[in-house]
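A short worksheet on the structure shown next.
Chain naming follows the written order as A, B, C, D, E and F, and within any one chain the residues start at number 1.
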Amino acid sequence: MPRPRPVSHEEASPEVRQVYDDIKAARGVPDVNNFWKYVANDPATLARTWASLQEVMKPGALDSLTKELLYVAVSVANGCDYCIASHSAAAAKAGMTPAMFNELMAVVGMASETNRLAIGWRIPVDDAFNS
Amino acid sequence: MPRPRPVSHEEASPEVRQVYDDIKAARGVPDVNNFWKYVANDPATLARTWASLQEVMKPGALDSLTKELLYVAVSVANGCDYCIASHSAAAAKAGMTPAMFNELMAVVGMASETNRLAIGWRIPVDDAFNS
Amino acid sequence: MPRPRPVSHEEASPEVRQVYDDIKAARGVPDVNNFWKYVANDPATLARTWASLQEVMKPGALDSLTKELLYVAVSVANGCDYCIASHSAAAAKAGMTPAMFNELMAVVGMASETNRLAIGWRIPVDDAFNS
Amino acid sequence: MPRPRPVSHEEASPEVRQVYDDIKAARGVPDVNNFWKYVANDPATLARTWASLQEVMKPGALDSLTKELLYVAVSVANGCDYCIASHSAAAAKAGMTPAMFNELMAVVGMASETNRLAIGWRIPVDDAFNS
Amino acid sequence: MPRPRPVSHEEASPEVRQVYDDIKAARGVPDVNNFWKYVANDPATLARTWASLQEVMKPGALDSLTKELLYVAVSVANGCDYCIASHSAAAAKAGMTPAMFNELMAVVGMASETNRLAIGWRIPVDDAFNS
Amino acid sequence: MPRPRPVSHEEASPEVRQVYDDIKAARGVPDVNNFWKYVANDPATLARTWASLQEVMKPGALDSLTKELLYVAVSVANGCDYCIASHSAAAAKAGMTPAMFNELMAVVGMASETNRLAIGWRIPVDDAFNS
């Protein structure tokens, strides 16, 4: 298989172009970023992912900034460089300051450390947390 | 090696007992949870981890609730059942409602999905995110 | 330690060259890919890995294509860019079409999402699945 | 936060009950498994996940059995015990024999080994796989 | 698929029994542990894994204790409770003291923390480490 | 958010410069590597991480070489390319030979394989390992 390539606006099917246009309108940007252009090779996943992302990321009990901070943290834990880059940008747009990023990263690091300690020491969950 | 066991308050060295007392005072709880009782088998790590955790989790650019939400999200991504249980409790104490937990989990799930899409499609980072 | 370097056919020991020749013959290719050239720095692991791979990947209850699809999926979940690239090529050679890759990636993404939901919601295994 | 609990059919809202009924009808089962009963605490994620899963797992370029095999493999790589149990059952229903499971697991193990070798040896992707 | 079950010595095929006997003789134990009894459902993987493990774990440039310490550390990072338990026992048999386990766990935790920091801060590898 | 940039010695605050000077003195190097220059964007995490690392990595029940080998192994399991590169260099400085690295990588690969086998076969921990 050749390395996947992005689908440009010009070569996009009407179905894909519709999603591109929706993303550009929703975000007020002149072009969509690479994530969408690559996933567009699979139009069904493109449409489903965009719809799901809008539903999940819209402000609710958590505001947009908090959701983007969580997205960045999970992306770091999962080791996805692309997602760290793109969602750090989205988080900054939603209000994340450099000081917030610093503290987010400190929490991600600390949690990863204590996660391993709890796993390696084979610590049973306290009754109080299971009831 | 026998399975690690918790260090009770009674059998704790003065050094360990001091950390236990600090945790109980800082949190206003009558006893420390299993995490500390197991890590107490290694007094140096116990003391260092408690000091680091206090520094990292104190409110700053991010408030305590946001930090606990991040802690839960990372623990889910890292697959640490103990940490999910204990930090969900801590998050609830800091103000997390069930509706917030629902949305947190939806973001964690969505991020994990798109993380894999970005990795599997081998998507290069946009120049805009690298500059 | 300097960055690991590939072992070329010319500088390879007879033992390593024998494995290179076996791989080239088995696959009908003029040269081995980087994976083998780097692991060749450790001739014992080279020989063992090549022998194991042949045993594991030979058609059996599952055909070669299905095995390569599984290999790609696991490599995405484990975040190994090299392995995604090389085993996507192997899968294509075994018959994977672009439409199959699209669906494979959709499954990997979906599974990663529901994996995290099951872990984060701390869902106990149904009795029916444990008996 | 108390440990999440399942939402029974009786206590389910009409919206949740509708999804339960859809799952039971689609699968021909008398009750839904725990995954759905726990995620039902978040009705929006329940509905979205069920809709997405149906779209992703329906036979297409890959048949249902292959998709379930991939689901199991990813769940093993991600360390989700619940998902291994539930999707092994689904795979068996779709035709997975014990011999197929054996080979699936052998591939997952082998891929995990070579994934780490490629990462640890810092192997660059061959030009042939990048073009 | 029913939950996998262990293969007892009595019900084992001659091929499987031979591996069991080899393991018992090599380790001087009256019975094999669950890992082997479950993997025995797949005799080919049983035989291959036992052969590979002996080759990999035999003392060489690294002694047996160091190899077992590494095995435990990787098992913690990969979140395998079974492997942490069994290889902690093997490490203890090879000479690991409680103080060594403490320090091993401290390193695993610290590495996991700085791994995430390096990933999240998107730190490029220094030229000195790439040459 | 723009991509994080390193903090040079010249632009560093006195607080950061003090840590840089400590690292250079402790390691006998003319400059600090990128890890520190990037984390220096968050002076509190810089100071805490350096202090913790010194405490964790100092020789104790395990010598410096063993600790660095463990650090490399965990970094491979966690997929951190930066950390593999930097700690392989540190391990070599502490005495790791190429033959040791070969065996370390063989153990990491083998453990990752059997970790997945134990998880996928859903193997219960033997009573002997739990008591």
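The criterion applied here is as follows: contacts are C-beta pairs under 8 Å (C-beta built on N, C-alpha and C of every residue); 3 or more make two chains touch, one makes a residue touch a chain.
Please read all numbers here as calculations on a predicted model, not as lab measurements.
K.L.:
What shortest step count links subunit B and subunit D in the network of chain contacts?
P.N.:
Each step joins two touching chains, and the minimum needed here is 1.
K.L.:
Tell me whether subunit D and subunit E, two copies of the same sequence, contact each other through the same residue numbers or different ones, using over half shared as the line for same.
P.N.:
Result for this pair: different.
K.L.:
Which chain has its C-alpha centroid farthest away from the centroid of subunit A?
P.N.:
E
K.L.:
For the chain pairs B-F and A-B, which is connected through the larger number of C-beta pairs in contact?
P.N.:
Top pair by contacting C-beta pairs is A-B.
K.L.:
Could you tell me which chain lies farthest from subunit F when each chain's centre is the average position of its Cα atoms?
P.N.:
Most distant chain from subunit F: D.
K.L.:
So what's the Cα centroid distance for subunit C and subunit E, whole Å?
P.N.:
Each chain's C-alpha centroid was found; their separation is 21 Å.
K.L.:
Once you find the CA centre of subunit A and the CA centre of subunit F, what distance in Å lies between them?
P.N.:
Computed from C-alpha means, the inter-chain centre distance equals 27 Å.
K.L.:
Averaging over Cα atoms per chain, report the distance between subunit A and subunit E in Å.
P.N.:
Their C-alpha centroids are separated by 34 Å.
K.L.:
Two or more other chains touching the same residue: where does that happen in subunit F?
P.N.:
Correct list: 3, 41, 44-45, 49, 52, 56, 76-81, 85, 88-89, 102-103, 105-106, 108-110, 112-117, 119, 121-122, 129-130.
K.L.:
Which word fits the touch map of the chains here: line, ring, star, complete or other?
P.N.:
Complete.
K.L.:
Provide the residue numbers of subunit B that touch subunit A in the complex, in ascending order.
P.N.:
3-4, 33-35, 38-39, 41, 45, 49, 52-53, 56-57, 60-62, 66-67, 69-71, 73-83, 85-89, 97, 99-100, 102-104, 106-108, 110-119, 121-126, 128-130
K.L.:
Of all residues in subunit D, which touch subunit A in the complex?
P.N.:
Residue list for subunit D touching subunit A: 2-3, 44, 48, 52, 55-56, 129-131.
K.L.:
Can you tell me which positions in subunit C touch subunit B when the two form their complex?
P.N.:
72, 76-77, 79, 81, 84-85, 105, 108-110, 112-117, 119-122
K.L.:
Please name which positions on subunit D make contact with subunit B in the complex.
P.N.:
Residue positions touching the partner: 1, 3, 41-42, 44-45, 49, 78-80.
K.L.:
Contact residues on subunit A for subunit F in the complex?
P.N.:
Listed in rising order, the residues of subunit A that touch subunit F are 79, 85, 88-89, 91-92, 96, 98, 101-103, 105-106, 109.
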